[in-house]
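For clarity, chains are labelled A, B, C and D in written order, and residue numbers in each chain start from 1.
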Amino acid sequence: MPTQVEKMIVAASRLLPKDTAVYVGTGMPLLASALALNTHAPDLLLVYEGGGVGGKPAGRLPIQVSESLTYDDGVIVGSMDYVMSLAQAGWIQYGFLGGAQIDKYGNLNTTVIGDWDKPKIRLPGSGGGADIASFCDRNIILMQQDKRKFVEELDFLTSPGYLTGKGAREEAGLPRNSGPYRVITQLGVYGFDEETKEMTLLQLFEGVTLEDVQEHSSFPIRISDDWTYVAAPEEDELATLRGLDPDGVVLG
Amino acid sequence: MPTQVEKMIVAASRLLPKDTAVYVGTGMPLLASALALNTHAPDLLLVYEGGGVGGKPAGRLPIQVSESLTYDDGVIVGSMDYVMSLAQAGWIQYGFLGGAQIDKYGNLNTTVIGDWDKPKIRLPGSGGGADIASFCDRNIILMQQDKRKFVEELDFLTSPGYLTGKGAREEAGLPRNSGPYRVITQLGVYGFDEETKEMTLLQLFEGVTLEDVQEHSSFPIRISDDWTYVAAPEEDELATLRGLDPDGVVLG
Amino acid sequence: MGNKLNENDARLYGWEHPDDIREFRLKNKSMLKKDKRTTLPEAVKRGVKEGAYVAFGGMGSVRSSVAAVHEVIRQKIGDLTVAAKGNQYDWQLLASAGNVTKAEVAYGFADEIRGLSRPLRAAAESGRLKVLSETTNAGFQWRLTAASKGLSFYPTKSALGTDTSGYSGAKTITDPFTGEPIELLPACFPDVAFIHVHRADKYGNCQIDGNIATDFELAHAAKFVLITAEEIVDHEIIQQAPELTKIPYFVVDAVVEVPYGCHPNQLPRAYSFDEDHWREWLDASLTDEGVEKYFEEYVYGTEDHFEYLEKIGGLKVINELEKIEHRQTPYPKVARRQG
Amino acid sequence: MGNKLNENDARLYGWEHPDDIREFRLKNKSMLKKDKRTTLPEAVKRGVKEGAYVAFGGMGSVRSSVAAVHEVIRQKIGDLTVAAKGNQYDWQLLASAGNVTKAEVAYGFADEIRGLSRPLRAAAESGRLKVLSETTNAGFQWRLTAASKGLSFYPTKSALGTDTSGYSGAKTITDPFTGEPIELLPACFPDVAFIHVHRADKYGNCQIDGNIATDFELAHAAKFVLITAEEIVDHEIIQQAPELTKIPYFVVDAVVEVPYGCHPNQLPRAYSFDEDHWREWLDASLTDEGVEKYFEEYVYGTEDHFEYLEKIGGLKVINELEKIEHRQTPYPKVARRQG
């Protein structure tokens, strides 16, 4: 039986087209991208913040976005300037994000819980998160869903989703047609309504109910009229996935 | 007997301190810098627009600022971005310039004689000239002097000297304390008056008179109270100089 | 002399909104590893349209895309605009052949110590060649840098207060940090980049030995990137040394193997300038008839670069140029324009 | 949550007028080739002053300047401000030891998949460590890029409309080309850069294998550049391959040979992470007592990096880490923070 994490990673992996580049961080994003690379998207270009472009992790997963495994046998060994510029110029269509809090417009907080000046919990900060959230056309957000994480108002808006709704990104000066694309949690897969840019349920994992979705969020979540269930991971997807993380760095 | 060109090059070479970097173009600037490198300034860092830093030309002179001789056995092989950024950041204190026209503030024209829209003579344009003129602290201008070249008003202000006089560079936004340092012609060596920033004769080559200086300029040239004669090239300077350009690419 | 800041907007040739370019890239570039090898006639036909804005790799007359220029001349693709960003032989040839009607100029019309180019000067002075704007070598570099980085402009302190700036598309604003003027150079997105490299794989990953001038940014800025390579090598050779890759495959549109593709110019660490051929061109360039005869002989009169190479002396000359670059033979007398 | 644009000017830590920096460089840097080799205690004493603004090379916990950090801790140089620009182990160690009172933060307080850093979080949450400003990884890169290029700012579209931008020193203006908002990041000139490299010559020319993260720009931006090198090699070796030089001598102030100077972190293509030692540190970091004991044992209790290397297992461990990086030995279990 696939675990929740495995199901989320498989769902994320399937979202990646075969002719694109993806900005990956270590952990679930890397595993989802590596899975795509080893299944339907052999040319998927993995880009890492440390400057590595196109490294295809083999044997184990990189645990740092700057380590040698991120560019060995890759396309180019750049700098952070290079990979961030690639993203800003639109070469890297897909990105992965996560966060401690998300709101209905897909805005993320990875900076602080409580007041910025007197933090209750100090989190890592933006890192490359706000960059990826700003630059990539289609960002995939991977996170656990509960009422403390799905909030009405963020304690700090670290990385831009659709800000205050439709048109707000463009008004702020962010690249046209960029923004969050999907949110994947242990419950399902969400998109953003084209008119309002509000988070909208598209798919549920098997065994999850619409009530579960709402009970795990502090803001009301819209439900797509034609929502479906996520197709369960195939046997070979799972086998490939587990083979990519033999030490359970991500899968546990 | 040294030629006019040799005397000019030796005078230029002596202006280069031993602990500095110099932006060089092909021709006389390169030969003056190579001479300094082979006499009093063995660590002088030659920087070329094509990206070469620290190449020490041997055997022959580079005829192009982008050829391999500009970085062979050098310090770093960069890009144009790199060397231009070094200059903008103040790492390259000295630069060489030339021009078809110069005015009393050391502004230069290398773009056009006549009207820009309907040129009488189309010249090469700025090239790196306006960049070097903007960025370097101490620019050395090498050119022939006559009334058509030393003009009251330029047909086109390609590269900034002191613009309209003292304070004008700062007002325009150019780096503090930058600008033309010396002008070397077949007649003598000029500086710029500290108060007015007007071209001022500092030194004459032997055999030249103060009248010659004025007769070869359309604008009145100030004469420093304590002007001197340029010391004649030493035997070993000349020998080294001629050895650096065995084919007479610059020396003829 | 005079300030023409108000005409700036007319000088924004090559500028586009970075978001439009993002959409262009999404539609026209791909991360799929495709075999992009083709012939030079085919690559030029596909990538270079009448009226296009073209730019060249290398710098001065070093690592020039000579074979590609010849092919554009052969195909008589006209009304081109050139980014004269410090390139010399390549665009002088193209403009001398009459294919160019407009140019943005940082440095043109001369070949460093070899002297001014008569055909180009004549074209500019007669109005056949219109100069659209002036800029500097750094300015063109940074216009391409902006374009390669998804920015609409790049800041610089160069050329503030000059006519060079006034006759460019740059805008001067007050730097909000220093309170002083700062110049913003408009991004430049050429339609076509011709870049000659030492070696490439079939997907378009390129290695360049020695300096790269503006090629990295140019390759990432241009809409159609046409690579000529001395040699196309196995992908594995490129892949095992990703730190040597200077241009990644995904920006490249066509790859053509053209040995000695920048003759008569230098390919650093491979072969040197051909001073004899340079002298022939410089002499020919002194009259319109000479120019015409030169193109008849060396361009229209040859089918491809191999035929051209035979005309310039074939293997014997090439062998000599390799020896010169490797310092096994003394450098010959430098050719300069006479008269 | 809230916009604090009006507090921006207070968030300009590290910014200086580029002209002031030009004057600083003129006075303090030189093109003379001087022998800059020294000892780590001497280099740290000379270059790192109480209250300095320090930045680290490498990225995350890769190619970290661990030996240099240990020496700063040994010398008890305090009240430091850190550019937390995506670095992890290095500044976490320094801050855990109490030497840091302020930070500008792009990414800190965690080590990717290893988890959050308890001592750093505690320091921030108690107020012992003051966060001066927020930025992004790209933001810090481009702040250094601006500084390295003589610019007072660098433009970007990143983080527009966010609190990250609001709590930074950036200023948003209207792009005069697009008419849309654009963010200008303030240049950042750290007092000290610690950079660990694969090899250097005595003058300070450095080769780095693999990716360079932000090191090129950092080395050109910082006022005092302290290089630790795995190996100091003959100048001739460096000189014959100028295309491999990533940091030129003239920006460097001190060069110290420190083999295995970034243990327990990876030096790409040389040695891998020491997961055993990482586990020891992560376990120690769970309590203040553990942290104190760790520093007593490994830093205060050692005279230099060679003594430290003996404590962590000496040659046998180092040999194993080299084997792992060269994939001759399987990678061990990854250490993560427990509890």
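Please note the rule applied: contacts are C-beta pairs under 8 Å (C-beta built on N, C-alpha and C of every residue); 3 or more make two chains touch, one makes a residue touch a chain.
If you're wondering where the values come from, they're calculated on a predicted model, not measured in any experiment.
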item	value
For chain B, the least number of touch steps when starting out from chain A	2
Pair joined by more contacting C-beta pairs (B-C or A-C)	B-C
Separation of chain A from chain D, taking each centre as the mean of its C-alpha atoms, in whole Å	27
Chain A and chain C: spacing of chain centres that average the CA atoms, whole Å	40
Junction residues of chain B, two or more chains touched	71, 77, 87-88, 135, 175
Junction residues of chain D, two or more chains touched	18, 150-151, 156-157, 175, 182, 210, 243
Category of the chain touch graph - line, ring, star, complete, other	other
All pairs of touching chains, each written as two labels joined by a dash	A-C, A-D, B-C, B-D, C-D
Complex interface listing, chain D residues touching chain A	1, 58-63, 84, 86, 105-110, 112-114, 116, 120-121, 124-125, 127, 131, 134-139, 141-142, 145, 156-165, 167, 172, 175, 180-183, 210-217, 266, 268-269, 273, 325, 327, 331, 333-334
Parts of chain C lying in touch with chain A, wherever the complex brings them together	18-19, 21-23, 25-26, 29-33, 148-151, 205, 220, 239-240, 242-243, 245, 248-250
Residues of chain A touching chain D in the complex	25-27, 49-52, 59-60, 63-68, 70-71, 77-81, 84, 87-88, 107, 111, 116, 118-131, 134-135, 153-160, 163, 168-169, 171-175, 247, 249-250
Residue ranges of chain B in contact with chain D within the complex	18-21, 43-45, 53-55, 71-77, 85-91, 93, 135, 137, 175-177
Interface residues, chain C side, partner chain D - complex	12, 15, 17-18, 150-157, 171, 173, 175-178, 182, 184, 186-187, 209-210, 243
